[in-house]
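Next, two complexes with subunit A in common: one pairs it with subunit B, the other with subunit C.
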Partner chain A sequence: MATAVMTSLDTKSRAASRGMSDIRIRNLFIIPTILFLIVFNIFPLIYSLGYSFTDFRASSNAAARFVGLQNYRELLNDPFIWSNFAITAKYVIVSVTGQVIVGFGTAMLLNRDIPLKGLLTTLLLLPMMLSMAVVGLFWKLLYDPSFGIINYTLGLGSFEWLSNPEVALYAVAITDIWMWSPFVMLLSLAGLSAVPKHLYEAAAIDRAGPFYTFFRITLPLVAPILMIAIIFRTMEAFKTFDLAYILTSQPTTEVISIRLYKMAFQEWQTGRSCALAYIVLIMILAITNIYVKYLNKVKER
Partner chain B sequence: MRKTMTGLIAGVGLMWACGTSAQAQELTIFWAEWDPANYLQELANEYEAETGVKVTVETTPWADFQTKAFTEFNAKGSAYDLVVGDSQWIGAASEAGHYVDLTEFFTKHNLTQVMAPATVKYYSEYPANSKKYWSIPAEGDAVGWSYRKDWFEDPKEMEAFKAKYGYDLAPPKTWAQMRDIAEFFHRPDQKRYGIAIYTDNSYDGLVMGVENAIFSFGGELGDYQNYKVDGIINSEKNVKALELYRELYGFTPPGWAKSFFVENNQAITENLAAMSMNYFAFFPALVNEASNPNAKVTGFFANPAGPNGDQFAALGGQGISVISYSKNQEEAMKFLEWFIKDETQKRWAELGGYTASAKVLESPEFQNATPYNKAFYETMFKVKDFWATPEYAELLIQMNQRIYPFVTAGQGTAKEALDALAADWNATFKKYGRNN
Partner chain C sequence: MAAVQTRSERALNRVAIAAVLIITLIFLAPIYWITSTAFKPRNLATTIPPTVVFEPELSPFVKLFTKRSQLRGAPTPEEYAAAPWWERMVFDGGEKIVRSGRGEVQPSGYPNRFMNSLIVAITSTVLAVGMGTFTAYGFSRFRVKGEADLLFFILSTRMLPPVVVAIPMFLMYRAVGLNDTHWGLIILYTAFNLSFSVWLMKGFIDEIPKEYEEAALVDGYTRMEAFFKIVIPEAATGIAATAVFCFITAWNEYAFALIMTNRRAQTAPPFIPSQVGSGLPDWTVIAAGTFLFLLPVAIFTFLLRNHLLRGMSFGAIRK
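And then the complex of A and B:
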């Protein structure tokens, strides 16, 4: 009897020392997570795919009628939609390029021994911690042609940032750059600090110039992590809604997510908007795949 | 045991009965967040004092109003019993079965005679001339104008104006005069501007602003009976009206490309513009010295006439409808019966609401109550509205897409914008089988 008790205690203590069993972990964490994903991600995804082939309107009580590929055909032939995609592409290019230049540049500066480096880094990260809506409203005031501080500081008089259709998209992109450059900076900083110091020492011994050192040592070694930042920021910029919606209502800033929102929740063209959402999804997947392939090539070098 | 069971069942039955009764003692009205909703809550408090039925007016910002209301309708939700919905919703909401048919109620209370004709036509009846009614006119509203009396009455300004334009400076009687006055007061170097007009293209702001010009120029948006738009929305009259609206945009303060009711009141309160377009419902803030330092020198006028003497205005305001998913429909109907009484309508007007009751509107008491009530009364008998078909939101977005670049950026011509709009609307009506 005593032996049996001892054995039982030993088993329990062994299990305790190991932590939770695999089965317990599966039951407690993995299965609920998979169920959650199925209910809230996979099911709506499939359901909306079904709707994308119908003329369903959520605002009417009429049943959905199967229309085949009509929604996709009409959307791909709609010049307004292509104009929305063109605006989105322009926005992504300007915004992500700006973020990479500013973020990486700031990281290069912070990668030196400077006083209050920790505090500076923390302060520079603040913009990305703010809510999009707050940033939008804040920058709307900054851009105001009558009392905005930007025109006052730059001596631009009553230059119209948000009302001018030629400039409005750049104004939104500048705000996005201000908000998300810290993200690129953070990742770049991690990449820069991981570059072995001895490579720079060797370059210095070989009397390599700063230009050569940057393009032959720094950039290639930071490139993989920079590519990850670019992938994330491209995906996010492609989905931009809040900033453009809050800051301005110019047709030249109507990125594809704003058009999608209007189609789904103002016009209540549910089936059609589901089709547009799928077109957007396919585009984001395609762009991301291109980036990932390039990232793998960079890693292989 | 049997006694215990009987007692238990009786108790449960009593609780259930009491629960139902308690539920019916409360009503929720959904509306947008603005002053009239506060006035309605005050009125509803008086209803509660009379009947014991608690009525809550739940509000949401204007930008979310349509989306939130239709999301609730689409979900067949019973969160709200009544809604004070926009006039253009009536087709979408009635055809989809979201609103209760109030035709019988309308006939029983002879509301076609009790309420001002335009309010019945645009807030209540759908389809047009069908004699089917879905709302009770609640908040009558239309677009009018405020202006700076002190600027207009300054002897130096009057003299300079007369010298330049050859007639006296006074509130404009025509759109042409309004253009001259806007040009005269447009002085960017002094941070003074000519006029504030609606330009926000996210819902119906810009469209309603342009409608004021179109209707007064004798134009129409289309034939609401047969959905014909070609040759009507892009008529010569409409082209001229849109061109003038574009011209007026040139006299607005800088950065005026996304302006609606808030900004247009600010144009007066912050000494920005000589004249400002706005719904009458926002004028109480302009006569209140707490919200307008220029209250004493702010005047009002009705939408001026076009070149041929036509004088119309874009309709604002809303009717109140019973939501078909409400569990308190009977109680909601009782509230409506109380709401349409003459004394309630009178009280509604006293609180600041814009009654649609013809009798109250015509009374000298109402017309003299504020500096703008007379202009409101006159305007409510010459209003026109946007399409109320179920696909109104698509039509609205298409109109914004076509006219906004022309008005705010001068892209293309008015004719090109309206021709393209006619093509868009034709395609939309064709898609929904309206003009086949």
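And then the complex of A and C:
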């Protein structure tokens, strides 16, 4: 499909482009994309920055009234918002830790002489290719207390996963671990395969034990890529919406994205939700900066 | 690992193989379960102990695609005999298919949402990969002032939580009438995927030696001709891999679709969960809808398995 579009462009632009300078081509190739992204990413953000200082409600016809920093002040003093952030943090820690343990562990196992390694790796990739909303839906069936396959297999009787406020967040995290461990596994596998074999041979000659080999050779060399996987997953988990929203509606699983969604599209507190969006945005930018710092560090190697 | 395996090494390997197989089975079990539920008669979907062996049926798919109503009383023997096989399956479940005045089968909401998903995902993928390839070439081959900053800006557009962007976009779309339209979602998904497409394609194009085009330029090609005749064919596998990633993202997206659409342009991800509703959901129908929705992605994953690794780990692994 993509090539068809390009060939039609090809014939059209060829006549015009004979002798077209490199600078013109460069601008033609880059500027539309930058403009497109500014219009559909930066402009909306500026637009909502304006609303974040008002008491605007998109559901009513009343004009927006300027309220200064009131929205921000109220949000930052609201213990419920902070509890949403705390839930988000807990969720991020549980699910990312789980993914690192399962993903890295599987990668360590796969990094041996395993028959059908390629096929198994591909099969393991499947969960992360699926839609989080649809995954959430079918895990609802698996978690069902009376006929769910999980309780049956684990012999848990009619254990409540999703309607128990204590457990619901972990249930969401388990689903997230199922979905995204393969991602950590994939990156770890790439990192593991890049460790030079002669280091292991040298360690074997020195009669180094498996623990020494793991902590002194494997882990340090894989750490940078593992770190990237962790930061990637941390950012994604921080943004979680679909999975938690579909799986359960417990107050204990109300991560910040869900709070934001409810505030904006159910309570219609548009101005206030714009302010909250900005607070979230600043946090994401902070995490992003860490990400870029590590990315550059790895590239320097 | 070592050239000569010791006995303990071999034993360890056997344990590793067993562990990997078990992990794979656990990971695939949920997908197997949803697939098998999609082919079960309704009364076997929620049995305890779970039904593993059963005669597969297509009734969940028939129900998925048709509008049905509860049957008041059993159908007459003549009615039953006259009905086609798939309609009898629905009769057996205590329901009948609703027909329009002209006797045509009334479709449920699903076929329409599935088509919407296809339209939106394919169009936005073509746009994102097309623009992304041009831009990646621009960054890869020409000197751009503030290149690192621009590339970071492009990447940063992907880092915002969808809900954050959705609030202002919703207001803007409402103002210009793009709410609940295909184009509204297409534009959003293109913007969302463009950053990814630029970064991935830059990686692929960087790996094509510059000398190829330079030789073409010496032969009298213009820069544009060199781009289309040399670079694009060389980048074809990269373009295909990028396209699959963009397609999967657009195909699976939920938050924007939930907020920006309600009837006309709604895609499958917000639609399928909305069918659970209250009361006793028919899990076989939901499983059928889920199964059909997962199918294209599963096929893509298999066809492009060799490119996935490079694509997923862009920037991180390349030396």
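The rule is short, and it goes like this: the second predicted complex is superposed on the first by the 261 of 301 C-alpha atoms of A that agree within 3 Å, B and C clash if a C-alpha of one lies under 4 Å from a C-alpha of the other, contacts with A are read in each partner's own complex, and residues count from 1 in each chain.
Simple rule for what comes next: contacts are C-beta pairs under 8 Å (C-beta built on N, C-alpha and C of every residue); 3 or more make two chains touch, one makes a residue touch a chain.
Keep in mind that this is a model prediction, so the values were computed, not measured.
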Worksheet item: Thinking of the overlay built on chain A, is A:Leu162 touched by subunit B (first), by subunit C (second), by both, or by neither?
Response: first
Discussion item. Once chain A of both complexes is superposed, is A:His198 in touch with subunit B (first), subunit C (second), both, or neither?
Written reply: neither
Worksheet item: In this superposed model, does subunit C or subunit B come into contact with more residues of subunit A?
Response: C
Discussion item. Touch test for A:Leu123: subunit B only (first), subunit C only (second), both, or neither?
Written reply: second
Discussion item. Let me test your reading of the model: by the given contact rule, A:Glu267 touches which partner, first (subunit B), second (subunit C), both or neither?
Written reply: first
Worksheet item: Where does A:Ser59 make contact in the superposed view: on subunit B (first), on subunit C (second), on both, or on neither?
Response: first
Worksheet entry | First, second, both or neither for A:Arg207, with subunit B first and subunit C second | neither
Discussion item. With both complexes superposed on chain A, which partner does A:Ile149 reach: first (subunit B), second (subunit C), both or neither?
Written reply: second
Practice prompt. Please work out whether A:Gln250 is in contact with subunit B alone, subunit C alone, both, or neither, and reply first, second, both or neither.
Written response: first
Practice prompt. Report for A:Phe80: first if it touches subunit B alone, second if subunit C alone, otherwise both or neither.
Written response: first
Discussion item. Give me the intersection of subunit A's contacts with subunit B and its contacts with subunit C, in residue numbers.
Written reply: 58, 144, 146, 265
Worksheet item: What does subunit B use to touch subunit A in their complex?
Response: 66-67, 70-71, 73-74, 92, 95-97, 188, 191, 200-203, 253-258, 390-391, 393-394, 397, 401, 404-405, 408-409, 411
Practice prompt. Mind listing the subunit A positions that touch subunit C in their complex?
Written response: 1-3, 5-7, 9-10, 13-14, 17-20, 22-23, 25-26, 28-30, 32-34, 36-37, 40-41, 44-45, 47-48, 51, 58, 102, 106, 109-110, 112-115, 118, 120-127, 129-134, 136-142, 144, 146-147, 149, 152, 178, 181-183, 186-187, 190-191, 194, 197, 200-201, 204, 225, 228, 235, 238-239, 241-242, 246, 257, 260-261, 264-265, 270, 273-274, 277, 280-281, 284-285, 288, 292, 295, 298-299
Worksheet entry | subunit A to subunit B touching residues, read off their complex | 58-62, 80, 144-146, 158, 160-165, 248-251, 262, 265-269
Worksheet item: For subunit C, which residues are in contact with subunit A within the complex?
Response: 1-2, 12-13, 16-17, 19-21, 23-24, 27-31, 33-34, 37, 46-50, 122, 125-126, 129-135, 137-139, 141-142, 144, 150, 152-154, 156-157, 159-172, 174, 187-188, 190-191, 194-195, 198, 222-225, 227-228, 232, 236, 239, 243, 248, 251-255, 259, 268-270, 272-273, 276, 283, 286-287, 290, 293-294, 297-298, 300-302, 305, 308-309, 312-313, 315-317, 319
